[in-house]
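Please find the structures below.
In the two assemblies presented below, chain A is common to both, partnered first by chain B and then by chain C.
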Partner chain A sequence: MPELRLEHIRKYYKGLPAVAEIDYVFHPGVYGLLGANGAGKTTLLRMIVGVLQPDFGRILCNQQEISHMGGEYRRMLGYLPQEFGYYPNFTVHRYLRYLAELKAVPPELAEERIDETLEKMGLQSLKRQRMKNLSGGMIRRVGIAQSLLNDPDILVLDEPTAGLDPKERIRFRNLVSELGRERIVILSSHIVSDIECFADEFLMMKAGKQAQSGSLTQICSHIKGRVWESLETLESARRLSQEFVVSSMKNMDDGSIRVRMLSERKPAKHAEPAEPGLEDAFLYYMTR
Partner chain B sequence: MRLWKMELHKILGRPVLNFGFFLILAFQFIIFCNDVSGKQSEIDGNVYRGISAIEADRRLAEEYEGLFTLSQAEQIIKRFGFSGYRTEDGQKAPRYREGNFCSQWVTDNMTDFTRTEKKPAALKEGDAWRERGRQYLQQKMQFGYTAGWAYFHSLWSWSMLLLNIWLVLMVMPVFSEEYSRKTAHVLLTTVHGRSRDIWVKTAAAFVLGITAFLLLTLWLLALTISVYGTAGMDASAGMFDYRALFAKNGGMTVGRYLLWAFAAKFAAVCLNVCVTLFFSSKCRNTVTGVVVRVAVLYPLAWLLNEIVYSMLFNWMYDSGLIQQLWGWAALDILGIVCSATTYYLSWSAVIGVPQNWNIIIAAVLTLIMTGSLWRAFVNYRKGT
Partner chain C sequence: MKNKGITLEEIPTEGKAQVLEQLQEAVKAKSIRYSPTLLQTVLGQIKYLSLPALGGQITCLFLIFIMCSYLERSRAQLMLWLGTGSVLAACLGVFLMLELCRSSSFHMVELEQSCYLNVKQLWCVKMIIFGCLDLLVLSVLIAGVSKNVACGMFPVILYLLVPFVISSGLQFLVFTVFRRGRREYLQMCAAVFISIVSLLPLSEPELYTLACLGVWMLALLAGIILLAAEIVWMYRTLCSGSEWYTVEL
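What follows is the complex of A and B.
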């Protein structure tokens, strides 16, 4: 069972911290890395996969520093970058064959692994298609397929659901849940609902720092009593949205508006405490 | 092996650029055919044209083959006269060269006739004789039919200039395209992506460069041999490249000259591949990389040699600094650096350099090539 440990990780760009002091331990399971754009998620993931070196701190895989492990660490790794590049003239099969070769998948196993991953991603019919003829969502699926080719122990997926249609998102969720039983799966997203229902643990980042981490229950328990709902008129709803962090507004049949908001105290006369969700927690930590 | 094939496939997967190589071959063919069709030879009152002229010249040169003497030169002039340029009736520009290979060679290399149009009373007259003509005799030059090899080498050198630009276009994407397509993000996280694959990419670039060079050379060699034959291999290369008369302890045959030229041009290709790979690893954008690389490929070498070296030489000569150890050492270093560039290697410039420079040039080339490849490796590993 792999263990991935981040110790005091810091990374600076032109003197400004992109990632500042991250300490975290990953065990097998699905981890959701949440943060607004520019929070440092991609930088952190790039350091985890070894493309970037931390300026301070170290990353250990099974007690060994990953920078010393070289190919041995990369053999355990599957990575889908945020911007997934491909060769337009390659067919899907050729591209995966190329990656299988680079990932040191034994030649006798490569075809089997390619077929398996294509099947999992619903890409079998596109095997002989040139990549330049695929849609954005299809390309993303090829990207996920390549990350699975070597049956990795550590799977790092940066914004994996971007561009996937609802049906493909469901297929993807089921696949990741299955994969997360025996390996570390780290997913990043700035869309909470994308990973809320299948990640075991969450790591929230804000301005390069670890804002909060834990399971859905743990994270939500931290903000218990700070989420409120109330039925308001249009005018009072507008006033509340200026005064408090509003996570949703919904028009009701009777013309009123159900306002869900975050507040340390009761924000309105008719406001009732509500059960916090991940989106509320995300908003709470991002706006704090 | 599979990875190697895939990397080669990536380099070759650009039909438009591949076509460029065949354009170079076609260009060689057209230029070559044009030259052959324009050949004319006048021997004992008979006029031969095209391939017949080449055959007639070759047969004629056989009569004078071997150690070239003053008496042979005089015999040639006595038999065929001086070779000037004939103007067609009603036209101003000269079109045809009078005479044949033998009379043209003696006229061009031992007399001032083509410049002054004055027939000298004897061969031992004029600047050409003093500067060059007598050297052919003193250096014990072997005469032979070298017209084909002279043309072969000239066209070969010109084609090398085109080939090296084509190679820049083909090799530049090796690393830079991985950055610009964002594929490096994935490749650098794979088992072989940060180690073996970098060398495999490098090997694929070398295979492309060397194969293209060999194909181009063989194609041109086949054209030359099919028309000119193999005659003249034992003749002195000094017949068409004056530098060769004094190079490598004198007496350099055409065969040896071509082997040296082959080595120099081969080195030019290898150097170009190495330096282009270095630029490729530095540039995030392929087009920028190509522009920068082509800008330094020829102009920098030319400027260094033709402007900087000449100015430095003149300044040192005028100020007397050339007499000092550091003065000529500085000039030698600059000369060696210039000789070790793709541009001058393509022109086989190493043939004309002092013999003791060869080992230094080889060392400089090895240093530049290994340095470029190592830096390319390190740069690409750093990735994005």
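What follows is the complex of A and C.
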């Protein structure tokens, strides 16, 4: 069972902190890395997979520093970068075969692994298609398939659901839940609903720092009593949205508007406390 | 004491099958570690080389055969042999660069760098493959030229290695300085420029006399140092990472 430990990780880019002091321990399970664009998620993931070196701190895998493990660490990895590249003239099969060789998948097992991952991602029929002829969603699926080729212990997926249609999202969600049982799966997204339902733990990042972490229940419990809902007129809803952080507004049949907002105190006369969700927590920590 | 012997208990067939099945599952679940040798890696990567790079290199070899037979038939002078040879030698480095450009042109550097055989090793393998092909092409060129000129083989080796080594060093410089986006055309422009520059010594025929061999040796040494420094710099920038990847941090 792998363990991945981040100790005081810092990374500067042109003098500015892209990641500032992250401490975290990953055990087998599915982790959701949440943060707004530019929060440092991609930089952190790049350091975890070893393509970037931290300026300070260290990353340990099973008590060994990953920079000292070299190929043995990379052997344990599956990675889907945010900007997923491919050779346009390669067929899907040739592309996966190429990456299987780079990942040191034994030649006698490579075909079996390719077929298995293609099947998992519903791509069997596209095996002979050239990469340049695939749609954005299909390319993303090939990206997820390649990350599984070497049956990795640590799977790092940067914005994996971008471009996937609802059916593929469900397939992906089920696949990740299954994979997370015996390995570390780290997913990043700036869309909360994409990972809310299947991640076991969440790590929220803001301006390179760890804003909050924990399970859904733990994170939500921190903001209990700060989420409110009330039925308002259009005018008062507008006023509330200027005064408070509003997480949603919904038009009701009777013409009123149900406003869901974050506030330390009761924001309106008719406001009632509501059960917090991950989206509320995300908004709370990002706007604090 | 009476030796009773050891009697083995009969294993029930059902239990035996179950144990075997469990063993099979355990074996299947155990990950097989495969570490390819350098030769296996080189042979494995040849089939993924890009057609323009590999085809260009092979075309260069044919061009040298054609050039040698043409110059031999037309009884060309020393300067014409050396001029043509220098241009071809200076062009040779571009094919490796076209191959190395591919990873970053198609945004593959980040993904390849996270694999067991990472970009550093992958580029090393490609340099070995193209280095061997360059040596083959240069050997044919040197043999063809030295057979037809009177100055001997050692000076010819120097005269042709200097443009090759310096041009390769400058190609690496262009490659490392302009890291992002598609830059194959830039590499090709650099090759053309360096080929033209390699013709400059021909305007001073005295440079191709035995008296100037020391100058050529110094130029070769400088070229080797430049090439080595460029390769080291390329690998250092690759270790620091971010500049090779297209997404801003």
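Note that in this section the second predicted complex is superposed on the first by the 288 of 288 C-alpha atoms of A that agree within 3 Å, B and C clash if a C-alpha of one lies under 4 Å from a C-alpha of the other, contacts with A are read in each partner's own complex, and residues count from 1 in each chain.
Operating definition for what follows: a contact is a pair of C-beta atoms (placed from the backbone, for glycine too) under 8 Å apart; a residue touches a chain by one contact, two chains touch by 3 or more.
Note that the structure is predicted; figures quoted are calculated from it, not measured.
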| item | value |
| --- | --- |
| Chain C versus chain B on the shared chain A, clash or fit after superposition | clash |
| Which superposed partner A:R75 touches (first chain B, second chain C, both, neither) | both |
| Per-residue contact with chain A, leading partner among chain C and chain B | C |
| Touched partner set for A:L157, first chain B, second chain C, both or neither | neither |
| Touching partner for A:M286 - first (chain B), second (chain C), both, neither | neither |
| Which of chain B and chain C A:V30 touches, first, second, both or neither | neither |
| Which superposed partner A:P106 touches (first chain B, second chain C, both, neither) | second |
| Contacts of A:L118 with chain B and chain C, given as first, second, both or neither | neither |
| Of the stretches 116-124, 314-322 or 350-358 belonging to chain B, the one that collides with chain C | 350-358 |
| Doubly contacted residues of chain A, that is, touched by chain B and again by chain C | 46, 49-51, 71, 74-75, 77, 79, 81, 83-87, 98-99, 101-104, 107, 146, 150 |
| Chain B - residues contacting chain A, complex | 2-3, 6, 10, 13, 178, 181-195, 197, 383-384 |
| Residues of chain C defined as touching chain A within the complex | 31-36, 44-45, 48, 102, 106-118, 122, 239-242, 245-247, 249 |
| Residues of chain A that touch chain B when the two form their complex | 46, 49-51, 70-71, 74-75, 77, 79-81, 83-87, 89, 94, 97-99, 101-104, 107, 143, 146, 150 |
| Residue ranges of chain A in contact with chain C within the complex | 11, 13, 18, 40, 42-43, 46, 49-53, 71, 74-75, 77, 79, 81-88, 98-99, 101-107, 109, 146, 150-151 |
